[in-house]
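Read through the structures below before going on.
Each of the next two complexes has chain A plus one other chain: chain B in the first, chain C in the second.
Let's turn to the complex of A and B:
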């Protein structure tokens, strides 16, 4: 029983990073009704860029690395927007999708070539802290990952529900034509959505690096798949859905890793996705009917 | 009177299909002008072109003395023309209040007093200000769509089929609002299927058919013309 609770709590804490990745997919989908398949790769790319701080200032604190990953993620988000959406006919559904696949492969290749395919150590905070309650332990670094992720989500929700930009973003996602008629510039909102999801992705990538201890180009594909699974289970376009589904998938895979081993774990995550697709295809928080 | 809106030889096409084939019409300052016509005549296309959602292929749209054809929608809202679109298009998962805030998106000044004034005009919206717009009835959504457009303080209110799908009593309410707005000095360009109601409030009307204006005049003249009535307006007696 203790093993179960232990792996569940570790998984849920780490799942906060999945939730962030899921939010990135789901927010872009909610605003533009497009998938950005390069998102997880760009997020890992942002995390790698964070490491550049250590090249310039050896011994820079982990916080500086995380912050740089955050900013680089935002910049990469804007580049992805320009390369895959701005100059590409948006009315053609396949064109933008394939452009983002191309971007996914490009980011992957750049990372492999820059690092010779070798994993790089990633700094963490509180990795020497262990909170104990009897046999049960809480890893300090995982707790930090969780708290940072939750803060980012809170920041995002505050942005969406408390600011003018957030109002415009919600308006475009619900009724793009009416948003234009209100004088909202859809192109600007789209671009800002990519920057904001990019910022979140940079943090998510850095948090994954911090909790695993290393970054590797091998992360991009599984993270893309996990992000998409989280998005589908949560309900396409739903931010609360992505949060809940991220924590769910994190806890689920950690428990199955405990009982069935790391090689079988993803099999069960896929099975979970299958169950959702069959019995609840709209996801946990299926968008309400009545949109056009 | 000077024309607030002048449309000249306007052509808008979807691919190779021309929905507007050279439209000419004027909306006078301070008037209610009504555009009638059967389904598929291009009325909505004209409204969307004036509002900047669609780009015209050729032709001119002058609004308040300025050429606005081909300008983006945000520039046209800023210039003082606001469209209440067909099917209302409220933001369904935003509160009534947020819908109004979105309508005031471009305004830098304080618009709290505008909201108060609109709530006096539309008491139902005040009652439901924290409700999601998608939960409102059709008539309430139409009022919200009108109120949202008014938040930009337009000189010209373009209205595309505001009575569509509403119960007769609600339609009367909507037309009462149109008349009030007109009395407050807003110029109104109205597309309507409900010719009977529209001709009661309008000072001038245009008839549109297959992408062209085929008739124009004042409501009295049309009422006498049974031929036009039968050909274009169907059961307009209702």
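Let's turn to the complex of A and C:
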């Protein structure tokens, strides 16, 4: 029983990073009705860029690395927007989708080339802290990952629901033509969406690096798949759905890893996806039917 | 001097001439009616004026400015607003927020820098929103999601949202569709008030009791071409108009 609770809590804490990745997919889909398949790869890329701080200032604190990853993620988000959605006609859905696949592979190749394919160590905070309650333990670095991720989500929700930019973003996602006629520049809002999801992605990548202890180019593909699964389980376009689904998938895979081993666990995650697609295709919080 | 001028405007979709060599002049302060049978090009004309698709030929001049190069969101900022035949509200925003979104005119933003423009909250919201909600009879519904409003309320909210952009010209695309006689009477009052506040109105409408009672001047379209123009009385007496509407042989 203790094993179960232990692996579940570890998984849920780590699942916060999946939730961030899922939010990135879901927000772009919600606003533009497009999939940005390069998102997880760009997030890992942002995390790698965070390491540049250590190259310039050896011994820089982990927070500086995280912050640099955050900014680099936002910049990469903008580059992805320009490359895949600005200069490629957005009215051609297949062209933009394939452009993001190309971007995924490109980011991957750049990482492999720059690091010779070797994993790099990633700094963490509180990795020597261990909270104990009897046999049950909480890793300090995982708690830090969880708290930072939750803060980022709170920031995003505040931005979406408390500011004019958020209002404009929601307006574009619900009714793009009318938004234009309210004087909103749809292209600008789309670009902002990519920058914001990119910032979140940079943090997500850094948090994954911090909790695993290393970054490797091998991360991008499984992370893309997990992010998409989280997006589908949460319901395409639903941010609360992505948050809950991220934690759910994190906990689920951790428990199955405990009982069935690391090579078998992803099999069950895929099965979970199919269970959702069959029984609840609209996701956890299937959106209410509006009249528009 | 004309507020809006369409000079031999055409829009072809493949072989279909949705609008074909249309000339229109709308003077400031007018309530101008645009009528015609289904498929005669009325909605296309409104879409062309708002820039939702480009002209095949001709030009549109608003306040001495050629609109051709202007993307839709900037046309709004020059003072053109519209409502849609099929209502396009932001369904998951409240009635109040639907109007807040529309406050994007240069005057709203001139004083604000990037951060207060994008990251600012509800401060600096004009009182106008509550006045417009009052005007539309929606004050008691302001916190309701637009998707949950009744059909008539949604139509009124869409009109209020167009007014929130402070237009000089408002294009109403079949605002009376699906309304009962009482609601049409209220709409008529609202259109007259809008004009009284100095906004010019282009009214595209099927409901004749509204068009004939409220407009100063009417143009009649058929198959994308203007077949008549004049005061309501003149247009009603026009033989070509009667034929277009009632059909019938030579």
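We adopt the following convention: the second predicted complex is superposed on the first by the 289 of 292 C-alpha atoms of A that agree within 3 Å, B and C clash if a C-alpha of one lies under 4 Å from a C-alpha of the other, contacts with A are read in each partner's own complex, and residues count from 1 in each chain.
Quick note on the criterion: a residue touches a chain if its C-beta (ideal position, glycine included) is under 8 Å from a C-beta of that chain, and two chains touch if they have at least 3 such contacts.
The shown structure was predicted, so the numbers you read here are calculated from the model rather than taken from an experiment.
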item	value
Partners on chain A (chain B, chain C) - clash or fit	clash
A:59 touches, of chain B and chain C: first, second, both or neither?	neither
First (chain B), second (chain C), both or neither touched by A:174	both
Partner chain in contact with A:134 - chain B first, chain C second, else both or neither	neither
Between chain B and chain C, more extensive residue contact with chain A	C
Chain B versus chain C as contact partner of A:261, first or second or both or neither	neither
First, second, both or neither for A:89, with chain B first and chain C second	neither
Chain B/chain C common contact set on chain A	164, 167-168, 170-171, 174-175, 177-185, 290-291
Residue ranges of chain B in contact with chain A within the complex	51-53, 72-74, 77-78, 82-83, 85, 89-94, 98, 101-103, 105-106, 134, 148-149, 152
Residues of chain A defined as touching chain B within the complex	164, 167-168, 170-171, 174-175, 177-185, 288, 290-291
Contact set on chain A toward chain C in their complex	159, 162-165, 167-168, 170-171, 174-175, 177-186, 192, 290-292
Interfacial residue positions of chain C with respect to chain A in the complex	50, 52, 71-74, 76-77, 81-82, 84, 87-93, 97, 100-102, 104-105, 117-121, 145-148, 154, 161-162, 165
